[in-house]
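Worksheet for the structure shown next.
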Amino acid sequence: MRPSGRAPDEMRVIDIQTGFTKHAEGSVLVSFGDTRVLVTASVEDKVPPFLRNKGQGWVTAEYSMLPRATHTRGSREAAKGKQSGRTQEIQRLIGRSLRAVIDLKKLGERQIVLDCDVIQADGGTRTAAISGAWVALRLAVDKLLASGAISEDPIIHKVAAVSCGIHEGTPVLDLDYVEDSSADADANFVLLEGGKIAEAQATAEGACYDEESLLRLLRLARIGCEQIFAAQAAAVGR
Amino acid sequence: MRPSGRAPDEMRVIDIQTGFTKHAEGSVLVSFGDTRVLVTASVEDKVPPFLRNKGQGWVTAEYSMLPRATHTRGSREAAKGKQSGRTQEIQRLIGRSLRAVIDLKKLGERQIVLDCDVIQADGGTRTAAISGAWVALRLAVDKLLASGAISEDPIIHKVAAVSCGIHEGTPVLDLDYVEDSSADADANFVLLEGGKIAEAQATAEGACYDEESLLRLLRLARIGCEQIFAAQAAAVGR
Amino acid sequence: MRPSGRAPDEMRVIDIQTGFTKHAEGSVLVSFGDTRVLVTASVEDKVPPFLRNKGQGWVTAEYSMLPRATHTRGSREAAKGKQSGRTQEIQRLIGRSLRAVIDLKKLGERQIVLDCDVIQADGGTRTAAISGAWVALRLAVDKLLASGAISEDPIIHKVAAVSCGIHEGTPVLDLDYVEDSSADADANFVLLEGGKIAEAQATAEGACYDEESLLRLLRLARIGCEQIFAAQAAAVGR
Amino acid sequence: MRPSGRAPDEMRVIDIQTGFTKHAEGSVLVSFGDTRVLVTASVEDKVPPFLRNKGQGWVTAEYSMLPRATHTRGSREAAKGKQSGRTQEIQRLIGRSLRAVIDLKKLGERQIVLDCDVIQADGGTRTAAISGAWVALRLAVDKLLASGAISEDPIIHKVAAVSCGIHEGTPVLDLDYVEDSSADADANFVLLEGGKIAEAQATAEGACYDEESLLRLLRLARIGCEQIFAAQAAAVGR
Amino acid sequence: MRPSGRAPDEMRVIDIQTGFTKHAEGSVLVSFGDTRVLVTASVEDKVPPFLRNKGQGWVTAEYSMLPRATHTRGSREAAKGKQSGRTQEIQRLIGRSLRAVIDLKKLGERQIVLDCDVIQADGGTRTAAISGAWVALRLAVDKLLASGAISEDPIIHKVAAVSCGIHEGTPVLDLDYVEDSSADADANFVLLEGGKIAEAQATAEGACYDEESLLRLLRLARIGCEQIFAAQAAAVGR
Amino acid sequence: MRPSGRAPDEMRVIDIQTGFTKHAEGSVLVSFGDTRVLVTASVEDKVPPFLRNKGQGWVTAEYSMLPRATHTRGSREAAKGKQSGRTQEIQRLIGRSLRAVIDLKKLGERQIVLDCDVIQADGGTRTAAISGAWVALRLAVDKLLASGAISEDPIIHKVAAVSCGIHEGTPVLDLDYVEDSSADADANFVLLEGGKIAEAQATAEGACYDEESLLRLLRLARIGCEQIFAAQAAAVGR
């Protein structure tokens, strides 16, 4: 039995609220249960220095937790003067995941920044962020298409992400904080609609795991991502 | 005529939503029109080094804008590795304003941190933050009283804040971004219920102003703070 | 009775020594009693990035305390690797105050940096800095005019600043350290010759204050600034 | 055909030279072909603050590339003043991998720091670092056992790591730089002797991959790790 | 002929003004011609962590140039967020030089910090700083002796420093900025009264130099230091 | 008797291994006994901003100790976020020493960066670094000459460096760590083949020293540098 009473392959309630803030080209408040992440997509008419005059665009991400998104207050990274290794690892993962589904040449010489700010944390913030970021990116690209700034849709796939793990010996889907903090293994899968894998990461926290477990975690992730794809589709209205 | 169509002494709609996040001892989403600030109050069983073993507590504040709270994306302070002068000035003001209404001895040797994160900005973020922070502080202190951690209420006043300014020659209350960016003078008043002043700041942006204007701005601030005090009272249920 | 024996509306001795150092275009050692600030004005043939090719100049300020300007040694900000919030707040105020009295278009595409280094602190360092900075700016602009680099005087007003406060219930002018550290309220006024206000800031430190007190502090500031304007005029010889 | 002429499941030459430097409790120069990493294990009689008085030890890692380990010189992180996200991600992975095979309670209240400095880079630096770090850790723990500082061997498994990837459609083992920079997918596996998995990470760089590919990469990793386990055993003489 | 018209072995006018600021235990404005350095000695009842409970004290120095001490404005190290290599090199030299003449055991468990702030630079700032720092240290130690905080004088020697160099082929004493910026070699000597050497540094800037030149520079330094010792003695009244 | 049993004027075994790493234009592992420094010379087709379009090149150096190059582990400067004063002082010395023997105009508008990373430390790391850096520079310049990128050899001298010191009253050559840590004086000499001096630094650590000692240290340095020049010549094959 999971602490939340959910079945092993049961996701938390997914909610994707678009237009949560008004300035960003794409703005989404994504919730996986009590985990809530605000993702904004900002279109900028510039690219990073290493891409100047290369005829292509860029998609990147930044991630942050509000200090009291968690049970006890964490110190503010802006006040400490640097981002933690965890923050950098997560924002690199988010950026990579979204770049996996966009044709940067079709985007033109512009950058889309995906800001993922965790309002409330209850496990799975990075995968919720990726799942929401796709919606924010979709909304921002739709604006570029509508305005005629770009003529061809650069988004080539849907992408979603979910965490799974082995909790008290059982592979389970979409860990909340209570499960996450005592899991033997913790995995994050970033999947395309159709089944391809953009990223798989499975880390032993307590006992190391075997190949069969890895495959069962992946199968759970497929179940979860189907639901996320549906929620994304509903959020963008197609 | 103001760009928003408001009368010179007319506030934007004030909304104070408590319990916006679940972990913090006090959590408030405060809106002044399109300006929305999430304020959390976190109780910590420690005090800053300069207060150790002095038999008193501390109240402090941190302030931040989400990168895309504004019209164009601002860079993330955690990524730049330092807080701007503007951020530091604002968080010092918020901390000072709240310390003006609390008896730190009665609080005991603990610290309350007020995190003010601007979700969406449309002028007046620091004054909305102060107004919301009082509610978050009130909620957190109520928990301390309810749990018996402290026996006497350390909060001795209500405090609220509002911005005013001289826009196209007319003193107006509660500037939004459009007014703020073209105002001749920009003022922030932090007032106690009953009329005392905790902080007055009035800065010429274009033309310098005279004593009469300063007084008119103060009078507008009094009008605005009356409404904020009412909204605070409604939010905390007394 | 004030600790110094001064009357409530009595300034400390003001001294403005020009040419204290030889390299700067304007150099001033300004003293308000035992508070001594070295202000240099440096003319640079460049403007900050946000003003490039906008046909106007810029005036900015930096502020610092020598570590042992104070009773006990403070740590050196260069060694700590960052400027405190207090330092940033003060240098923003100084820059704003001087920009209030200069026509940046007439200055042309150049920047004047006002470095305010506190040699000895005894209260009122920021207001002494502003008062001295006007003289340093005047001297630097006079050199630009004399050399023909600019043809029209960009300085449109005189500006001076002074602190006031409520000490043991009495509004007093030009607080020294002893008064400042025990004042109930602490105010800084930046005034133009003629009476207009560039900046008013009044902060409750102990008890909050009322409107009448704010007005009395402003009146004291007017008395003090008259004497500062006279000292500035004497220093620049007109 | 691979650029190096190797078969798809062929490792580069593995070399593990112990005692490369004299001060460290464990010191190893590990080579996977032209990739060379110096790993030292330093025993310190202290633990990080979060573990004080908890009756257990800690194992952590730091990773760095010498500026000219690579084809073109990279800037020195100490000179830039911060470690890149990539560096932090790698050193977190190394630390986690080694903590997966040690009983921290049996280690006692001490810390072992694994410094992994890349002398020369040709792909697979992080997996070479993990593989070498196990040897350095083994040597350092042997000294603790020999000196009587600890009585029971805290190392409970052997761990090795290797990179694999999909290069021109073919899953290949132990990518060198040429393959790595053009691979469609890039994976790192951290395996225990016996077959359990401590960490699996597989990232699409070009095209996303399917489940079958993930499994084939894992099978290649098993082949590579067998050889690494043998080299580790030879290096430590058992 | 030297640009200043001085003879090769002629010092600039030395002036040592004590009591330049009022808070520090020792305060000196030292001038070597147009080079002016404010040195304060601050006594602190603590020692650095590595000396705690070792029964001895510490003497250390910090050095800084005011931004406009020089011909063109230099950027402020506090604003840049770090001290330059030159600054660190100089303050290490100053600290070492003064520690060479004090018995740290007799000083007791306290620290004296020598802050050397260059008000105006015209060559030789580090040697002027050392020469002035001895006076500031002497004054601070005299206060400790007078108050009974220490019973035995810990200062065991007089120390002075001067720069010399080879300018247009001629060894000259006490270089000013014009000479310094075109010298072939630049040397700094820190000497004890009586002739012993605490530090000798001679750097080729253009052509390398020979042993004979090194000796002639040292002889010039002896001439200069005699005058500095006399000025120091006059300043401290003995 | 020296702790190592060496005669006062006896160097440790010098070893200069070229081609230690494969990517750098010049790569050298230099050993003075147990002190081992990896020096790479990297040619870059750019110059620092202050030299742009000046028709000359630049040579600069960076220095670092691997954390466990020493008896006890030192913290990693990249992790601390800044380079120590010692590091900066040393890398400035190395850069200066090599610039003393190269005609920067003949080098053309390119920069050579000398990275000196201490693999193992046993005293004299900075002088070993300088001595090895000359070889790395020589190798890199030879490549530029061979490729026709430059037509005239810009290297105008050989340079070598060695430490000396006064140990238990006796001037000795090439101090190892044991001697270095208890020496009364510590000197570093950077000499050209032929006898000219590029840099002389002699610091009293315990007792101050006299002129005769300075000369004897210099004479020892000459003896040591002769051997280093021979080793350099052997390493570059001429």
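Should a chain be cited, it is by its letter among A, B, C, D, E and F, assigned in written order, with residues numbered from 1 in that chain.
The rule is short, and it goes like this: a residue touches a chain if its C-beta (ideal position, glycine included) is under 8 Å from a C-beta of that chain, and two chains touch if they have at least 3 such contacts.
Not measured: the values here are computed from a predicted model.
Under the contact definition stated at the top, the chains bordering both chain D and chain E are F. Common neighbours of chain E and chain F, by the contact definition above: there are none.
When you average the Cα atoms of each chain and compare centres, the chain farthest from chain E turns out to be A.
A rotation of 120 degrees, rounded to a multiple of 5, brings the CA atoms of chain B into register with those of chain E. The mean-CA centres of chain D and chain F are about 33 angstrom from one another, to the nearest whole unit. Inter-chain centre distance (chain B to chain C, centres taken as mean C-alpha positions): 28 Å. Averaging C-alpha coordinates per chain places the centre of chain A 59 Å away from that of chain E.
The multi-chain contact residues of chain F, meaning those touching 2 or more other chains, are 81-82. Chains in contact form a single ring whose order, set by starting at chain E and proceeding to chain F, is E, F, D, A, B, C. Per the touch definition, chain B reaches chain C in the complex via residues 82, 84-86, 88-89, 91-92, 96, 100, 157, 192, 195-204, 207-211, 214-215, 218.
Within the complex, the chain B residues that touch chain A are 21-24, 27, 34, 36, 38, 40, 42, 44, 62, 64, 66-73, 76-79, 81-83, 87, 113, 115, 117, 119-120.
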